[in-house]
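Before any comments, here is the structure.
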Amino acid sequence: MARSDRVRVAVLGATGYSGIETVRLLACHPLVELTVLTSEHYAGREVAAVYRHLKGLDLPSLEELRPGAVKGRADVVISCLPETVGASLIAGFISSGLRVIDLSADFRLRDPEVYRRVYKHEHPAPELLKEAVYGLSEFRRRELPEARLVANPGCYPTGVLLGLVPLLLKGLIDPSSIVVDAKSGTTGARRVPNVEQLFAEVNENFRPYKVGNHRHVPEMEQEISAILDREVAVMFVPHLLPINRGILTSIFLRPRAGTTADDIQAAFEAAYAKSSFIRLLSQGEMPELRNVRATNFCEISFVLHERSHTLCVITAIDNLGKGAAGQAVQNLNLMMGWDENAGLLNIAPVP
Amino acid sequence: MARSDRVRVAVLGATGYSGIETVRLLACHPLVELTVLTSEHYAGREVAAVYRHLKGLDLPSLEELRPGAVKGRADVVISCLPETVGASLIAGFISSGLRVIDLSADFRLRDPEVYRRVYKHEHPAPELLKEAVYGLSEFRRRELPEARLVANPGCYPTGVLLGLVPLLLKGLIDPSSIVVDAKSGTTGARRVPNVEQLFAEVNENFRPYKVGNHRHVPEMEQEISAILDREVAVMFVPHLLPINRGILTSIFLRPRAGTTADDIQAAFEAAYAKSSFIRLLSQGEMPELRNVRATNFCEISFVLHERSHTLCVITAIDNLGKGAAGQAVQNLNLMMGWDENAGLLNIAPVP
Amino acid sequence: MARSDRVRVAVLGATGYSGIETVRLLACHPLVELTVLTSEHYAGREVAAVYRHLKGLDLPSLEELRPGAVKGRADVVISCLPETVGASLIAGFISSGLRVIDLSADFRLRDPEVYRRVYKHEHPAPELLKEAVYGLSEFRRRELPEARLVANPGCYPTGVLLGLVPLLLKGLIDPSSIVVDAKSGTTGARRVPNVEQLFAEVNENFRPYKVGNHRHVPEMEQEISAILDREVAVMFVPHLLPINRGILTSIFLRPRAGTTADDIQAAFEAAYAKSSFIRLLSQGEMPELRNVRATNFCEISFVLHERSHTLCVITAIDNLGKGAAGQAVQNLNLMMGWDENAGLLNIAPVP
Amino acid sequence: MARSDRVRVAVLGATGYSGIETVRLLACHPLVELTVLTSEHYAGREVAAVYRHLKGLDLPSLEELRPGAVKGRADVVISCLPETVGASLIAGFISSGLRVIDLSADFRLRDPEVYRRVYKHEHPAPELLKEAVYGLSEFRRRELPEARLVANPGCYPTGVLLGLVPLLLKGLIDPSSIVVDAKSGTTGARRVPNVEQLFAEVNENFRPYKVGNHRHVPEMEQEISAILDREVAVMFVPHLLPINRGILTSIFLRPRAGTTADDIQAAFEAAYAKSSFIRLLSQGEMPELRNVRATNFCEISFVLHERSHTLCVITAIDNLGKGAAGQAVQNLNLMMGWDENAGLLNIAPVP
């Protein structure tokens, strides 16, 4: 496509982990032109001077974030800014007619009270909460084409919901018992100076954190409750894996009486019949993080353990792919009415 | 202690991962003399020619395993041979008056029928099954001093039972729902040529395996059922971590109505009041694998999640330490009537 | 391009590390159709059943290697078979009119005596040695379009020669002193069962091996000597890095009297003016393995250390990329007269 | 030994990487009592609240560094403070009659002009430079018993000098060509917030840094020049390894005409005849980092490559062991006239 016909995209916070992955994906997207890249720390430098793996690509220089300078140069804004930093700016972009995909948690929770409880301050733009589309792409194909503001889901909620929603929709499980044990690579944390994330603190180590009180839990519970039309509580245990990328999620559920493995398989097949990025595995196959690395794919399998009346669903995503930048690009594709897969069908480098 | 007064120990299968860790520990044990070290692959060589980190120690050469050559030169045999290889030899050692600690699974299951179902062949020495003491040290201090044959627990069962038994003994949980999500370093697998364990297959990867059907499950269920005097079923999901050593285990339970965090804390404190190797963590602290690396320690903490009526107990051990060689040495200490901690109070190298 | 107009390629030994990387690259190549994939271990299975990251691609099933079955179904053969296994088959392919790119060392050494000395047996097809083109792509652009047989360079020689040849061509260094210190990820070794390559043997470890006597040395020396028209000896020290992919190579040289940093910079710029895959770094920048991961790029920089009269040239490649499969595809492109970059401009996934 | 007869040691900067390793070693030292532990960030807390692997040991609480509070409570000060922070304090300790081992670079360079050039500021206590003993233990056994101030060598210089000094002393090499290629684990850098040391920046990566201009070079050159009584220049290339601990160092040298492998072997054997911590390897054996992990050992081997007239000496140490805390304890032992090995003969945990 001629460059002038491409949709112009600004990436805010382009040099963090999800920001630079968004740049990597969009630099090769056939229908997009990256026109604005902002960075608090590296403004004034070339992208390739900070991230040399992007050398040779025709990218704009990194610049400070000035909202006025974004309007007029971009059609869509993808914000990789941290929580609260971007929220009030985003309201301005929306009112100027830009469409926005926000990778922060700011617009994921629909209830400003819940937001205040979780993030300990008032929501900066509560008027937008109702409008924002929660961009779990596979289940929002109808809303996304019209969306002005997309709240890109959190990495953990993505891993949980992709394994859970099809079962909820078919009523196959008892929602009073949802236990999730998740393991994430380190790029789930921000790229900021931090002793806890130093190599020697993470390598040859493995540990849970924020057991039962991670900020992503209200997001999961909101989406699950909305489907079931009742309050649910999720017990969520995240862990820090000594790898760069990937989230493997085990979801332990009580199947409703009479639920068979065929029912479960059928629920997944129905939900994902049109989904290129969901890899439903065969009986006996298990998700592996390496198979989704640096991609937008999600692997899903399950074991129905009759002896303990437990259903275990396991999903694997790349936290920077389907868990962040990949899903953002997928949402962009859907917003624009493009092929959902455009720019996203790269293959994981294995090993 | 004068060398001649020391107890003479033979380590069979001394060059596998648990074997060489046993050698490392006993080489510094003040009451033990290593007199026989056998190795199928390296017989005839010095230990230090295979494992140079043991250079400079006064160790016997590696030799072929000939039972006749063990008798008369050792008082205790620690067998690190694989399943079934050692079982019939062990019967011979016992009848010759040697005491034996077996790190394989051969004598852990008391019912030969269960053994046949799990291992797909007849048990080689079923007459010893009743006598064997299941060596979960903290709970067998009474039986071990008289034991002729100790079945050293599996690494996964150790991580599960140390977190579970105190609660079972106090009747604090509903045994109809026991879900375990465990993550193990790679030395849990044997040191044999194997494509699945090559560095490039494990590194930057993470995957579950044998979901719901791992061979260690009958062992866990046997021990739990024995305490409760009823059949229980455990849903067990193990994973392969890209680290050398360590097992982190999350145990998800339904607390009985009325159970408080104080009840749980009290149960752990009562069970482990005399246990040097159990580190009960404070509220808010979480186990980390690095804190138990290369030691016999076990870290334990728990979260009682009221909203979901779920109790999550988390334990961390070194699979080669408390999960194998460390516990074997602890059992040796208890068998001999020595200080339970002898030779075992080394500090984890962190980082 | 219509599928029927594409060049048909057979990959032999498609399920080893370099084989599957070749498949990954060619599966997305716009001018190639993969028609034959052979595998000794996995014949009869789908590729995606062995390597799930390739699921969803339209690939032929894995089959046994029967030369007769390759002829007629392929125009070009890329052989990822081990040394000597493929050599005699290749002669047959050539005489049947197929063109061959061989990733083994079989056709890299032009002198069958040297081959016999290094590999301890007679060369299986010595008549082809003179014809084979040593496929260091950047320096064989003229010969490759006519080549029937391309000997794809070894991974270590590629890392050395890309940093050395421009300097040799300009006569900037004293060839009597060439010292190379190289560090390779583990996929440089074959994907076969091997205790030395188990995760726990490589992780948290680092070690040199075959110091001064690695099999790749005669290959380096042959190419260097050919340029200089005199015998040279290289001191080569390889190491095993605990990472999956990548070779970082330090080359220590004595610059000829009067050689300046500008001379060296100019030599590199002249040699690589038309080379998309060579990234000459700026003063002060240093190669990093992650920047070339899963790509065909090579990063090069140098430091002229006046105080010690030493020139240090450092290069970084992916051993499976520019060091094997990537360079094979680049050579294919050049053989076919296509754009040298076709199918190869993917971006490294960083981090 | 009765606690009251032990030597009282203060560790300043006890919660950095080398500080906490010093604490780990001295906590088990039979002749030492740790009486003061200071920490800028964690003052007021228990050691075990910061580093749980030290739980259960009888250690003083962490406190702010107040020099007056150290005097009177300690006989020896081991300073793990960063460059310049400790230097002026140390002068005060010395004048108060305490003996000091300083792990920073402050007292390693004897010439204050060189210090100013390297560290860009005036030396804080130049009057002590002449008195300070450079604590490369194996070569300072005579000076250390009288030393008031020991400058503990840098980690890189230790790896270099242990491989080089025996050859210099025997005049076996041409000092006009000394090239060093070294690879260090990440605990060589300080434990402070730092984006470059985040896990995802280091893992699956490998890179050189400060090529030819690392701050440790003047230290190496000073020690080499002192032995040879002439100026020498070292070309030094350090790299960052994705492991926690360890430095592997390759030293490339020109042997003097006529030097044989036997000469070199003899030089090493003579130099290290009484050294428990130096492991001279046999022909064909190569140093590995894992064999020295968490210990004070140094492995050394060499290859005399006749074809290229190059001698390659390779050493392996733990940068926190022989490269920092281990050597500090060894120096303490020598200062006190104790067994040089006291508290240091622990075995590396392999794997």
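Going in written order, the chains are labelled A, B, C and D, and every chain counts its residues from 1.
Simple rule for what comes next: a residue touches a chain if its C-beta (ideal position, glycine included) is under 8 Å from a C-beta of that chain, and two chains touch if they have at least 3 such contacts.
Being a predicted model, the structure only gives us computed values, none of them experimental.
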Between C-D and A-D, the pair with more C-beta contacts | C-D
Maximum distance between Cα centroids and chain D occurs for chain A
Indicate whether more than half of the residue numbers at the chain B-chain C interface occur in both copies; give same if so and different if not.
-> same
How many Å are there between the centre of chain B and the centre of chain D, using C-alpha atoms for each centre?
-> 37
In whole angstrom, how far does the Cα centroid of chain A sit from the Cα centroid of chain D?
-> 46
Let me have the rounded angstrom distance from the C-alpha centre of chain C over to the C-alpha centre of chain D, please.
-> 40
Where in chain B do residues touch two or more other chains at once?
-> 17, 187, 200-201, 203-204, 242-245, 288, 290, 293, 351
In their complex, what parts of chain D are in touch with chain C?
-> 176-179, 181, 183, 200-201, 203-209, 211-212, 233-235, 237, 239, 241-246, 248, 250, 252, 286-290, 293, 303, 305, 307-308, 310, 312, 314, 351
Using the touch rule from the top, collect the residues of chain B that touch chain C in their complex.
-> 17, 185-187, 191-195, 197-204, 242-244
What does chain A use to touch chain C in their complex?
-> 17, 20, 24, 27-28, 51-57, 187, 203-204, 244-245, 276, 279, 281, 285, 288, 290-295, 299, 346-351
